[in-house]
Amino acid sequence: MNSPAPAFASVPSPFGAPSGPTVRAVHDQFHGDLLEVSMGPQHPSTHGVFRMIASLDGEQIVKLKPVFGYLHRNHEKIAENTSYLASMPYTDRLDYLCSMSTNWAYALAVEKLLGQSVPDRAQYLRVILAEMTRIVNHSCLVGFLFNDLGTSFTPLLYAFREREKFIDLFESLSGSRMMCNYQRFGGCRVDPTPEWLAAARTLIENFPRFLDEYERLLTGNEIMLARTQGIGRLDPARAVNAGITGPVLRASGVDYDIRKVDAYGFYSRFDFRVPLGDHGDTYDRYMLRILEMRESVKILSQAFRDIPAGPIMDPKAKQRGHRPKAGEAYARIEGPKGELGFYLLSDGGPNPYRYRVRPPSLINLTLLEEMCLGHTIADSVVILGSIDIVLGEVDR
Amino acid sequence: MLGSGIIKGLAVTAKNFLGSYHDPARMVTVEYPEQPTVLPEAYRNFPFLISEDAADPMGTLRCVSCQICEKECPPQCIVIEKSKDKKPDATGKPQLYPLTFNIDISVCMSCQICVEVCPFDAIKMDKVFEVAVTNRFDGLLLTRDQLAKPNSYYHDIHPAEAAEVDERLAAERKAAEEKAKAAAAAKAAAAAAKATPTPKPSDGPTEASAKGGTAA
Amino acid sequence: MTPLHLCLLISTALFCIGLFGALARSNTILVLLGIELMLNAANINFIAFWRYGPNPAAANGMIFVLFSIAVAAAEAAVGLALIIAVYRHQKNIRLQEATVLKG
Amino acid sequence: MSAAADSFLERAPLELRDWAVQLLPAPLQWISHHLITIVAVLAVFGLFFAFTTVAERKLLGRLQNRLGPNRAGLPKFSILPWHIRHKLFGLSQPFADAVKALTKEDIVPAAADKVLHFLAPVVVVGFSLMTFAVLPFGRNLIPVELDAALLYFFAAGSASELAIFMAGWSSRNKYSLLAAMRALAQLISYELPLILSVVPVVLVASTLSTSAIVQAQGAWTFGVLPHWFVFTPWGFAGFIIFLISALAESNRSPFDLPEAESELVAGHLTEYSGFKYALFFMAEYFGLTALSGLGVTVFLGGWQAPCELLYWVPSYLWFMGKLILMIMLFIWVRGTLLRLRIDQLTRLSWQFLVPLALLNVGNAAFWALTAQWSGPLQLVRWAVSAAIVIVPFLVIGRSLSAGYAPRTYRYAP
Amino acid sequence: MTAALLLIAVLMLGSAAAAMLRRNLIHSALLLVASWTGVAAFYLWAGAEFVAFAQILVYAGAVSMVVLFAVLLTRQSREADLPIEPATVTRTASAFAVAASLAAVIGSAVATARFPAASAEAPAASVKQIGLELMAEHGAALLIVGIVLTVALIGATVIASNDKKRDPEDAP
């Protein structure tokens, strides 16, 4: 490790001397031929229209070039040409698995720009929905990861079975299963009924049982251990330098969770821990997701206990036609995939002058080649799966 | 011992296999066309226009063609053409009405922003989701006539919300009537007392209270 | 012509095809396969003599063939391993170019 | 007992065949005798294949808390009343699939090696069907009685991976080529433990004939404990090794590397469509069924009843019942496990299965040598035999899984 | 019976000859599998079941796999099926001359030879008999073959294993 950022200086290096296969990315007459395989954009395991051009020596990857942009939808430019409110449903489509937390990040940025305050109940609701989204995202991710590992959909369908319950709650609250469009500048759109809160609480109370069963199915499985431990190691110094965030970074042992660092929303009121991995491999990334789900359950049960009554919307907040004063704002949250940030630059008009998303999926993807080199093609899809990308967010 | 994790996993799948026969929590499949899905009340799909009277939908549209929804619609799937003349609305007040009101639901992303910004409670979200048609251009372009649905339909699909809206509208109308009455009385009194100019009937308060209402 | 003659002629033909391949082709793998064919031709002879020989009760012919098959398998394994090793050094499996034993 | 063996039900299939044969003129009798056998095996196992596919999908569905296919009913012109023909539990799904496969366009890539591309599915189906010839389906039902039946079985079965190679290589697709390489590596690695796992049975039963092996398992202790080979320490170990190798030989999860859909799209099947694809699919299930049938024959007592009281049930029903259980086991495993990597796959074979199988051969030799031990010595015999299985398993298993363990995690301070 | 033998011979010799002449190495290997299967069919024809199955198991099942593996591992060009450069014409011609003359010599020798009369019925050799002979009379040979096979297995592994660790120092 060269010189880690001061914030992470306390982290002892979990890695000794660099080990594992050293790979030469050469292609000349002395080293035989490399087989160049184009995986994607139509490939079952690239999680959407992502493409990896892998050069293989036998089954070993000696070069891997990620190609993206197939799902580019001009998100940022569209947002610069519509009102602040009208961008909110578009943020649903960024990371379409976690629209609730993406909404929050955008709302946070606009609220910062407007100087808008948020009532307590809405703050609690935001935490509740964001943590539920985290659970949804992580359980889906683990399911997809196991699909990449070659199960016949079983863990994925178990995860989907549970996810469905969360999604149903989202639907009955916001009207839509995935494109929730729930947060507003200054609060939330709909107030949940007491029945809704009770149902959500029951769901959360039962969720650890599912997690236990899930772990019994997967965590100790010898094949799973052999397929994931030591695969796709990510050095913490490299991860920090590359701007990796979220569970991928924490799996490498770097203690960086924006919920703790920024304590945005009401996160400072909740008691939760941040799990850290020591090896930075695929197994750690998988286990961190499981552990974070358990922490989310803890946060959620506290939130259900403490949620106050009251308005969910600041009565002074404007409904539409927002015209923030000229200025800029950057707001970030700890999304399920990592640091999700929105940067807004206002010139006083009804549209943002500049709108920029910091998508965790894209930035976490940048070290894909480094993680894959020296591993086999079978591992590359697993490593990609463990990074947890959503192409809607990568390509925007 | 090598293999114990695998055996544990096999036990879990076996449990789920058996559970799928007796445990409804493990068997969540709904056989859709035979078993209709129960949609939550908040469910939203595509917008429709509310008319007061099912017998004369075009005559009693609540929409006054203010074009706020057209402006706010994120994917800009709404096209409105204002009328030149005014027709009396449900309260008898003359209002503009939409000559054209088209929603291209192949573009619409069901975000509900049009509903939120409408000051007249004229556009609401429908629950119809089986909208497959054979022509994806004209078939998915809904016109004014296709969009207009009576208020009773709104009550059917979103009972609680519709009741709230109706209550609010009734209160507003009452307030407006009282105000108009008061104004008329005042005018009469004023006319009786002095020949002063009539105060202009204003729709400002209606709009303001409607705005407050949509937040709920 | 007895069936035995026919069998022997067939095995002769197979042997000569193998020989031709081993001599004519420059690819090491094919040379090895030619030799395998020659071995097979010999095996055919064993079986033919066992079947039409004076003393078929003794299964000697078959046992010879079994041993021969086993040895041929070993030969193929070692031969192909050698070919792969040569390929590693020279990036080529043409027989003419494998002129040095030292890698 | 002999009465049961001669019961009408037991002999019915043979009687039926003989009756049909004697209707024909004499010169045709020999050939029709065999043709009827072949057609019967094809029909029974063709249908068995069809319903295995639907059973697999339904069982997997249930394992995953889904319903599985339950819609394909009977066509409108069927005479059955509407409520029955409407869905029929999805049982007509395989026929709908067959019609679909037959009517789909057959696409051959322009760069493909056309001849091999065509030959591969033919070879794979042909050879996988040939293996059925030596399985004793019942007391009197064995298509071909061969002295070296086991050897024949493995010889015929070994060609299927060759066909996979042909398919993968001839498609001229990189995924297919990788799949072809994997198929070769897998075959080379798993043919050996598969054969070695059966050798102990050959040693103890001292025959290669499948029907004789079944005969050797036909006794009960106290009338309820069958003398199947799986109920001995060496037989159990052999059965487990056989199961693992059979999974690998038939390209089933967790060894479905040649067609690993998350890595190689569909592996060697990537460039196949329509009926050729269906043929591969069929061959895969035929191979699976044949290997399960061999497992039943060699380890699970073949057509023998599990206890003496049930001896009257026709033997072929026992065989089919055990076969179905074996296939359900395979489906269960598929629904649970994930795929190995190719190097782990070969390592599992060479470092784990082959040594254990070799030791197991020695174990069987010990068992055969101590056949006369009785009384307390019998216990010693069992203990020693079990130790020969368990101790190496623990030792090799530990070294194989060295370095892999669930971890504990720390939390940020 | 003779017709069957001739049919087997045509299959066997035809595919062997085609294998030796094809330019495509994979085709050659697969044709050789056909040829080996033909040899196995000949064994079956001759009544040597056990040997026939062993032939298929070893040649079609194992040797062919190793051959195909070797072909794929040593492919040189981007195309999987490298055309093998034909040897020079003189070489081919002389090889043909040698093979043909040898065929002529042996063939004429065989054709003119006289053999003792064969027994009429096919000899029956049960698996048991083969096993007993292998273990009793040829026990020593069996042991030696076992050792040869083991040594060959180990030797092949050692020769083919990638002994040089890849390290950055030996980069070109």
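Per-chain numbering from 1; labels A, B, C, D and E assigned in written order.
The definition used in the following text is that a residue touches a chain if its C-beta (ideal position, glycine included) is under 8 Å from a C-beta of that chain, and two chains touch if they have at least 3 such contacts.
The shown structure was predicted, so the numbers you read here are calculated from the model rather than taken from an experiment.
S.K.: Measuring centre to centre, with centres taken as mean CA positions, what chain is farthest from subunit B?
M.R.: The chain lying farthest from subunit B is C.
S.K.: Which chain would you call central, comparing Cα centres to the global Cα centre?
M.R.: Of the chains present, the most centrally placed is D.
S.K.: Which chain's C-alpha centroid is most distant from that of subunit A?
M.R.: Centroid comparison gives C as the farthest chain from subunit A.
S.K.: Per the contact rule at the top, check every chain pair and give me the one with the most C-beta pairs in contact.
M.R.: Max contact pairs: C-E.
S.K.: Subunit A to subunit B: how many Å between their CA centres?
M.R.: Here the centre of subunit B sits 33 Å away from the centre of subunit A.
S.K.: Starting from the mean Cα coordinates of subunit D and subunit E, work out the distance between those two points in Å.
M.R.: Computed from C-alpha means, the inter-chain centre distance equals 29 Å.
S.K.: Need the CA-centroid distance for the pair subunit A / subunit D, whole Å please.
M.R.: Chain centroid spacing, subunit A to subunit D, equals 43 Å.
S.K.: Once you find the CA centre of subunit C and the CA centre of subunit D, what distance in Å lies between them?
M.R.: Comparing mean C-alpha positions, subunit D is 34 Å from subunit C.
S.K.: Check each residue of subunit B and list the ones that touch at least two other chains.
M.R.: Residues 2-3, 6, 9, 12-13, 16, 26, 28 of subunit B each touch two or more of the other chains.
S.K.: Quick one: which residues in subunit C touch 2 or more of the other chains?
M.R.: Correct list: 91.
S.K.: So which bits of subunit A are touching at least two other chains?
M.R.: In subunit A, residues 30, 154, 158, 161, 217, 219-225 touch at least two other chains, as defined above.
S.K.: Could you pull out which subunit A residues touch subunit D in their complex?
M.R.: 35-37, 43-45, 56, 59, 146-154, 157-158, 161, 217, 219-227, 229-230, 255, 257, 260, 273-279, 283-284, 287-288, 291, 376-379, 381
S.K.: Can you check the complex and tell me which residues of subunit C touch subunit E?
M.R.: Subunit C reaches subunit E through residues 1-10, 12-21, 23-27, 29-30, 32-34, 36-37, 40, 43-44, 47-48, 50-54, 56-63, 65-67, 69-78, 80-85, 87-88, 91-94.
S.K.: For subunit B, which residues are in contact with subunit A within the complex?
M.R.: Residues 2-6, 8-9, 11-13, 15-16, 26, 28, 40-44, 68, 72-74, 109-113, 116-117, 125, 211, 214-216 of subunit B touch subunit A in their complex.
S.K.: Which residues of subunit E touch subunit C in their complex?
M.R.: Those in contact with subunit C are residues 1-2, 5-6, 9, 12-13, 16-17, 19-20, 25, 28-29, 32, 35-36, 39, 42-43, 46-48, 50-51, 54-55, 58-59, 62-63, 66-67, 69-71, 73-74, 76, 84-85, 87, 91-92, 94-96, 98-100, 102-103, 106-107, 110-111, 113, 115-119, 122-123, 125, 129-130, 133-134, 138, 141, 145, 148-149, 151-153, 155-157, 159-160, 162.
S.K.: Would you mind writing out the residues of subunit B in touch with subunit D in their complex?
M.R.: 1-3, 6, 9-10, 12-14, 16-17, 19-21, 26-29, 31
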